[in-house]
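Below is one structure, written out as structure tokens, with a few remarks after it.
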């Protein structure tokens, strides 16, 4: 795994811009709402530009780790501040940048306790960025929890339905996840005998005995699986989504669930390959149940956000299925689907956010007939629903195609069941669109005006990204391939 | 026997004498609070000078009283911690309405005597010196607890604390007697040479167990934790803060010293320690869930934290000791910040209920932030010093193979986060029944809060310097073997 | 087998033909939403260019030796080389010409039909989306690219069916159409993924070559063929998944004319023809296709007998004609199937457009109502309607006769006579129901409004606008009627054009014995006369022979209870059954257990806290007891 | 030594147990302090016995210190208890049970 040090520490620059953004927001007095919002848009814009630069400056042919920054932090324990980017983490960093920027724009009309909201929001995203960049197990865990604890306040203070219950449930679930991850990380550190947390040195094969790998993989898979909404551990995510304010649930569903899947990929799979091969079938079973189960339960929901919550559970099942196939195509598809699902859910929540701010209701029966009143706003939601169904021309299609391809090759039965899940997903997405948007113009919402250009920009950006990635997926596949191919070849040897 | 190495002890002895003399002076008629200010300022001055003295003598080395009292890096680091703890506690005794004004001098006198006793305890090397310094510190604390103006609460807490304390010290003494009789040596280093051979002998083990019970009382570990909830609730806020921080640090030090010398070789002892730590963790966390009074909640969380520290100690190797030392400092910082907010919110010294925290984020954002950071650090959320402490302890434990112990500890962390979040919810989420006036916080208090927040977060994020200090401090413990 | 070096001209024409409609779709959606006239102009402009290009391509490559292929590599990750590009081949050329002509005519026609509709520009946006998807589908070089546009065609049909989304029935029909075609697409998806896993390459040219498929076991070949056929069943509304097409009539009539008669539903048959060599390699699959074609043909024609809605009659007839095409292809008659597809596209679009004129004028779909209102007086639509119906039932001079004759020829070649018999029955029924409708319209009903006054008051006022709309709608009718008349005579040149590139099983075999053609013609005439007897005659009671048997009538009008079965499946099994079960499991089992654990901890917390209180001496006792126990533990 | 050291341990053990029993059983604060005094004396016996057994003077010095500390302990204890008696008028530990 060759490393290419960064000329200018871009990755720390991204982190810094988040933290500095938070500090400047905390310094602005509370009542200047407009100024706070402008500052946060500026800083999230800088973050987005930096991520875009890193994405396009990534050397596709060279592959391996790039933009490497290495500072030893606690030498006695072998902990080092070690940031780098490779094929797996790059799409996620870009996803976080986009969702972060659009998330800030979506909450443009917030007016209660604005300063605290954006400060905590920046802190959460800093945690997410940190996790995707760090190649040091200790820092992966630290950033995981940094992104977790502002979540409680964000949901509990600005949330919507049943916010205390949702916030408390979400935080305790995710911390229970970290309660499983920390012992596993320290176990790997102790058993490696290398006295270092840095990822690169822990990664070369044959370092751990098979038993350790199996045990550590199980702990890590369950720990990160809670965050990735793997089937039996997923019940926090719909409650959390519904309770959270829109900007937060964009980051939360769009990015935080990817941390779980990324954690499984980065820590569990790359460090304990034997454990991965041993537990692969178990993962596949859970994933397939997740796909079908999420779609079926989605059928029953009457709250827009619950529908999106359960559709995220079903889509994360596809990611998990990709990871469980132990093939290059599976990994490619899983990482691609992570990116695509992130953008799609962000578009979903952003459009629901706009609709909720106008109509003050998320219940589908009350919503009917919006398309006539707000054609553009409902247009965005319908586009997200189409992406959710895996329609070609939008990003999700490619992710699902490659994952199902790999799944059919390795587990034919599971692959077929998962693909049948697509029909049910189509049914419940269309049912939501039909009930919420079509039908005669609803008199209650007669006076509402359609989305203005400025308020529409986050959704336009997300829709454009969905379309661009959908029409030329090689943009992402070339990047992901630089990491998955060498990893799998290294594994097979 | 040059006396310079006992610099800090001498200074604190002189300071307490000074306050003793002040308390003899007849109470003057002019406005009592002006007198308050004078005593408070002298106390602050003396405490800060005390820190400087300790820092100056950090490299002192040597023995006093023919090897009964050893001064080494380990003891000096703990002395500095204790002086820092005292300074912090005195700093929040600004307008102490909870203690009768005539008693203020006695209050500061007893505080300084107790710190002196704890310093003696930390560098005590023989059974006798340990016993004496422990008793001295306990007695001063018993009186401090009973000094509270609201008689009924302070009194009952004082009595309970006294009875359990003296019972524990009697048991400890009996244990020491057994140890002395079977090992024949009264000094820990001499005992360290003899004990490993006869560790399997019942008298020795039971003696050791009974001796440790005295220190478990001080640390509030499982069987001896009954006093903690009532004493914290009954004592005045400042005294409870002192017990939570300073006496805990000293207790950790003395347990480490005794176990470093006498604890090796017996699997039974480790089993007992594991059992005690697991039970006290779980018991502390579970009981804290349903608490309504903040100080009682903090008491149970202290019991839980003593369980975590015990994990660090029961590993019985330098990594474990340095982790425990680091955790002692972390405990000092976190507990102090939490108690500072409690003191700040209850100027009249009443017992603060969790509901009364409502609307804190509006009344004074800095205090709300301090409470938030302190509680998240107590829960062990990463960027804080609490997490680094727990992390070091868990790495030491897993290196020795106690993986399941760490998993149980992590489950306890999750339970503890639940009740910490309840408090944070009260502070950030609940709206007070009637609009309370914004809390006016004097500038030094704001500065103190800011510094403690910075300390918790910054040290949590880059703790390398402090870990080195802890490792240096753990060095002397392993020299003897 | 890859074609000669790509001609710059061909490539340019191809890109223009496909990309321009997509560009106009985006332009209309984003920019010209507000101005209907501009968006209509954009869309029709792009369609005309596409038409011109496809005709030019056809002319250029008329004597094409081998298929030309331009392809770029899309996902170059290891093990996944998917070519994305265009394939020029007689079948493709024919298909794009048919598609672009019908698209052009329907878009011109909708200028009149959709005038004044609030969603006018949105209509043309979706129309150009459909054109893009259909053209690219017909030209796609690999199965994945074909699937890519296959789903996009499904999407545009969903959008167009549910175009008037205020109407609940429209959105319901749209949803039903999408989900049913989606079920078919899923089978197609699994089919071509399995193929990809075993052969490693999805390009159509490769799949059709016998050498590539030598390695695969016959049973696997049949399985993947059947799965791909699932897609065809979904898209062309064949036997199990046919009930969405009649409901799809909720959409505007030009949409029904374009999508649900000529082009979109024909995509399934096109796929069948496209992979004909691949399918013909597994005889078992071919017989299954034959059976399904026959069943859906018979079923649909019976339903058409009783339907009172003009558009639904033609919808059922579309399903039965598609059934005919699949029977022909299943029987190995490649040319018969493709030729019937072309001619059917012509006259079915004609029939729909005529009924569109009637509906536009009289705002009712019911044939008895139309005839009462005097639809027969509108000369051009009535004549073209009769012409179309004649072509549909296969009367001699028209194109329908020639394609029906080709189909009968291919069916007669089959050893088993039952298919031929079914075919003949089908011909008879087709002739009967089409002329039943014609005679109902032509025969002046008793309570007919006075001949003089034009019945529909609605169009009284805007006389000039009326004039333009009539001319715009009449033009396509005339062109299409001309096509249906002339196309029949092009059978032989088309056969050479198509036949040259194919070595299908016994295609250019000996000319089948001529008696099946005679029988087919006779039955067609019999059907027409029966319809005349029951409906056309002066005193006829306008009651079909089926109406007399109430149980049979109810069976056919209920679409053989298939709809009832699907409704049952979705409501009871999926809604009330599985998803309620999962939802309860989610709420009760998982959430319940975890919340239970939390309550348990809080409860134990309350108990432990209670233990802490109590008299001092109990505590001392407890302390000492624990110490003694620990000491005792030493001895174990 | 006139008697084997184990006997000294047994006697001290019994005395210790008596002290604990007195502390736990009696419903009077002063009797509790008395019980603790008994326990301290039991420890002193062991120390004196050990000093004799090992013939080293450490044990003796230890006992002298124990006596002094016991005295301070009683004084502090009685001070609080008398103060409590003046405040609540009873020695019974049962009614000092308000803290929940």
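We just call them A, B, C and D in the order they show up, numbering each chain from 1.
To be clear about the criterion, a residue touches a chain if its C-beta (ideal position, glycine included) is under 8 Å from a C-beta of that chain, and two chains touch if they have at least 3 such contacts.
From a predicted model like this one, the values you see are computed outputs, not experimental measurements.
Q: Going by C-alpha centroids, which chain is farthest from chain A? Tell me that one.
A: Relative to chain A, the chain whose C-alpha centre sits farthest away is D.
Q: Would you kindly tell me how far, in whole Å, the mean C-alpha position of chain D lies from that of chain A?
A: 65
Q: Can you give the whole-Å distance between the Cα centres of chain B and chain D?
A: 27
Q: How far is the middle of chain A from the middle of chain C, if each middle is the mean of its Cα atoms, in Å?
A: Whole-Å distance between the two chain centres: 37.
Q: Compute the distance, rounded to whole Å, between the mean C-alpha positions of chain A and chain B.
A: 43
Q: Check each residue of chain B and list the ones that touch at least two other chains.
A: In chain B, the residues touching two or more other chains are 159-160, 163, 167, 171, 229, 418.
Q: Can you list the residues of chain D that touch 2 or more other chains?
A: In chain D, the residues touching two or more other chains are 23, 32, 93, 96-97, 99.
Q: I need the residues of chain A touching at least two other chains; which ones are they?
A: Residues 172 of chain A each touch two or more of the other chains.
Q: Report the complete set of touching chain pairs.
A: A-B, A-C, B-C, B-D, C-D
Q: In their complex, what parts of chain C are in touch with chain B?
A: Per the stated touch rule, the residues are 598, 601-602, 604-606, 608-609, 611-612, 616, 619-620, 622-624, 626-627, 630-631, 633-635.
Q: Could you pull out which chain C residues touch chain D in their complex?
A: 613-617, 620-621, 624
Q: Flag every residue of chain A that touches chain C in the complex, lowest number first.
A: 172, 232, 235, 293, 296-300, 328-329, 332, 369, 371-372, 386, 389, 391-393, 397-398, 401-402, 404-405, 408-409, 415-416, 419-420, 422-424, 426-427, 430-431, 434, 437-441, 473-474, 477-478, 480-481, 484-485
Q: Spell out the part of chain B that touches chain D in their complex, as residue ranges.
A: Contacts found on chain B: 127-128, 131-132, 135, 139, 142-143, 146, 151-153, 155-160, 162-163, 166-167, 169-171, 173-174, 176-178, 180-181, 184, 186, 203, 229-230, 233-234.
Q: In the complex formed with chain A, which residues of chain C make contact?
A: Chain C reaches chain A through residues 74-80, 144, 147-149, 151-152, 155, 158, 162, 165-166, 168, 171-172, 174-175, 178-179, 182-183, 186, 189-190, 193-194, 196-197, 570, 574-575, 578-580, 582-583, 586, 590-591, 594, 598.
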